[in-house]
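Taking it in order: structure first as structure tokens, then the write-up.
In this document, chain identifiers A, B and C correspond to the written order of the chains, with residue numbering beginning at 1 in each.
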Amino acid sequence: MLRFLAHRLTLAIPTLVLASMIIFALQQLLPGDVATALTGEERDPEVIAFIRQKYHLDQPLPVRYAYWAAGVLQGDLGVSVRLQKPVAELVLEKLPVTLELACLAMLVALAIGVPMGILSAVKRGTWMDAAANGIALWGLSIPNFWLGILLILLFSVHLGWLPASGYVPPGESLVDNLRAMAMPAFVLGNAIAAVMMRHTRAAMLGVLGSDYVRTARAKGVSPLRLVLRHALPNAAIPIITLGALEFGQLLSGAVLTEQVFSVPGFGKLMVDAVFNRDFATVQGVVICTAATYIALNLAADVLSAVVNPKLRRA
Amino acid sequence: MSTGTPVTGAAGIAAPARIREPGSLAAFWRRLCARPGAVIGLAIVVAVVGMAALADVIAPYDPTATDWGAVRAAPSLAHPFGGDEVGRDVLSRIIYGARASLGAGLVSVGLAVALGLPIGLVAGYAGGWVDGAIMRLTDALLAIPFLILAIALAAFLGPSLTNAMLAIGLSATSIFVRLTRAQVRAVAAEEFVEAARAVGNPPWRIALVHILPNIVPAILVQATLTIAAAIIAEASLSFLGLGQQPPEPSWGAMLNVAKNFMEQAPWMAIWPGVSIFLAVLAFNLLGDGLRDALDPRQRT
Amino acid sequence: MTGSVGPPLLDVRDLRVAFDTEGGVVHAVNGISYTLHEGETLGVVGESGSGKSVHVLAMLGLIPRPPGRIVGGQVLFRGRDLLALPERHLRRVRGAEIGFVFQDPMSSLNPGMTVAAQIIEPLRIHLGLDRRAARARARDLLDLVRIPDAAARLDQYPHEFSGGQRQRVMIAIGLACRPKLLIADEATTALDVTVQAEIIALVQELKRELGMAIIWITHDLGVVAGLSDTVQVMYAGRILERGPVDDIFRDPRNAYTLGLLRSLPDLSRGRAGRRRLQQIDGSPPDMHHPPPGDPFAPRNTYATPRCRTEMPPLIQAPGAAPGHLVAAWYDLPARLAEERAP
């Protein structure tokens, strides 16, 4: 187990380092003088000079990267020129909101996708299978910002049941928090539910056709126990690993969902930063997203090792 | 894939899908036409392509022409889909908007394939440290979620439709590198490639003549599904204001404006959304159909 | 045949099974009938596609439906027609009165469950044992199938066992509820030859100890020789010959059985008596379109014109031991005698 974990870590760390290099290199794409571009609409020569010095812009790119990476490792993601705050502070402030949204959305996705996938695999070839596949295709094809707009139109504008936008911290009022998060979480979870349904269906079909499921049937095991005790635990490994890959999509989708529902999270921070030409914040958000994504995949690997006895003992 | 991550599509194709037997193109077409989903998808794709190509002919109005009498006008005979916030005809903007969506889908995926295919071929065929380096690089790119990477790229490149296409294309490249590499390795292990090597074919010839044709089906399927994702991605970027710039029409940008007029003019939000949904659905249906028709063994 | 008095344990009547595939209907089992008595060991021999495995799976509702389909027939087990039983009742027969041992012990055990959990399952379902009693019984079963240090191995996972040991675990599961009938489907095929011999020896011992009836399905006539009371040769979903094991080996009446026997190495003869191994020419019929007559006729050098048009009935072979049945229009001993005579 420890060896397995160590192996995964040795893969994850260079990935993160490379990703950070790519993200850092993005600023090379800025047209014109980097210092001027980085300061955004700010034209104060003092600020430009500060930026030039802060980012060691007179040095060659690799050296600049080394300074930047050293800063990132110490938790220094730079300073938002626009908001006059350290980027790390901004990120930490917004991250919990997005993580709450992402976790709620994942719950929605699992609650819809996994049972639907199981049902469609068990009832393969029936109208239920066809219906589940149809719903999945719908979920895959509907743009989630549009779904968000439609839901606002229905539940906020017409019915007035749920707030159209805004965010209430759970510490303040859990009920209001959940009311505000209900639509964003559903919208975000909807697309992932479709993907989870397809993964679950494929994994369950593979397992249901396996020899050991036939053995279990030959033992006289009931259909319910067959699915829950024999098939699902074995199908869980691909569902977990593939599900973790969907966290990337979840974070992507959060950007749009937060924009539609004005949720003050990570995605909103990034989009606002883009429009304010606040590039340090953009870089900070992207590197944190990549780190989160890599960490979640690592967690999924560990989780699937816990589920799979073969990996656990290796 | 409503936020446009096409990564999951790659997981659907594990083994190389191949057309080997002669005359199989006709058989493939028959199998494709036997699937109602694929036929519907193909029909919508053809319709959208026709709409984009013939926009000048079929659109009733200039998509950027404003008419103060039609500001947020409800659907009527003159404006079947209504008017927008400055009185432009929504139907005409939908028709012209197909160009941005379809263009972004095709150009960005074209770019992703043009970059990803050769890199993947090299990685899969060369192996060793070249392969290792390319794989780590794609790992790193895939660690940055698709749309976030595209947004960051678009942010640094500056907002425009061209840059959005570029950003989406670059973000999707690693998918094709991965897929090509996996396919190449699967095909290269097969006996007919061994045989080609044994009779002394040079590596470039084996790669181009013996391997490439066998991985085309898988690439085609993935490309079709990625077009769906790219259309959503373009709509997303335009919705955020990072794609097509006003006043040029784009479905995503239309939704961006529409969300401010939801109470007064809901039709402004309905039609662009329906258009994106149908176009994406069509490419998803077609991609699924192609996959099934190209390799009946994999059908579930 | 031991215990051939009294009503049979299993009475298969005109069983027919088909699969609906994209290429058309595959007629996997085409009307087979036979009986099995308590304590009897029946060896079912045939190549893949002969319907030997499909027919037992179909009996217990274990073929995937669709595409599988039972076209007709009856399977009376202790007087009840299994094919007419609802799934709910059939479940009480599976694993309780009829135990199963499958081919590949690698894939037939659940990789995510401990061996104990897998043995305990039928005990809890069918015998209603509590956890502790079932566990004690599971340990006894591992002892029974000669797995050393059983208590310590109960909580291990299948991948921690060797192939032969896994097959022993499979047998323990099959025997857990003391079934009246144990069905072993190619139970030794995936194993090394030496391990194969060990498993067969184990089954022979267990049969003596427990006295259950056994259906042993294999493509290997050699395996059957040491184990069975009765041999049944299947081809293209039909029974071509059936009878007491000694009589079949000594006096085969169907050309396909003869072909199978001739492809076996005969180690009992001295060097001088050894002969070249022969193989059966041709390939099995396309089961989408089985030939109208005797399915083996196209590969049979002794076939008569009638063989190609009409399926011969399975009847007592003239002059053979009682219960030795054959389906053939030709008289194989006479033809063999002709060959030997110049």
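A few notes on this one:
Throughout what follows, a contact is a pair of C-beta atoms (placed from the backbone, for glycine too) under 8 Å apart; a residue touches a chain by one contact, two chains touch by 3 or more.
Just so it is clear, the model here is predicted, and its values are computed rather than measured.
Common neighbours of subunit A and subunit C under the contact definition above are absent.
The chain pair sharing the most C-beta contacts is A-B. Subunit C has its Cα centroid 54 Å from the Cα centroid of subunit B. One finds 22 Å separating the Cα centroids of subunit A and subunit B.
Of all residues in subunit B, those touching subunit A in their complex are 1-5, 7-8, 11-12, 136-137, 139-149, 151-158, 228, 232, 235-236, 239-242, 252, 255, 258-259, 262-263, 266, 269, 272-273, 276-277, 280-281, 284-285, 288, 300. By the touch rule above, subunit A contacts subunit C in their complex via residues 125, 209-212, 214-222, 229-230, 233-234, 307-310, 313.
Put simply, subunit C touches subunit A in their complex at residues 60, 62, 64, 66, 91-96, 100, 102-104, 107-113, 121-122, 125-126, 157, 159-160, 170, 173. Note for the complex: subunit A touches subunit B at residues 11, 14-19, 21-23, 26-27, 29-31, 137-147, 149-150, 152-153, 157, 190-191, 194-195, 198-199, 201-202, 205, 242, 245-246, 248-249, 251-253, 255-256, 259-260, 270-271, 273-275, 279, 282-283, 285-286, 289-290, 293-294.
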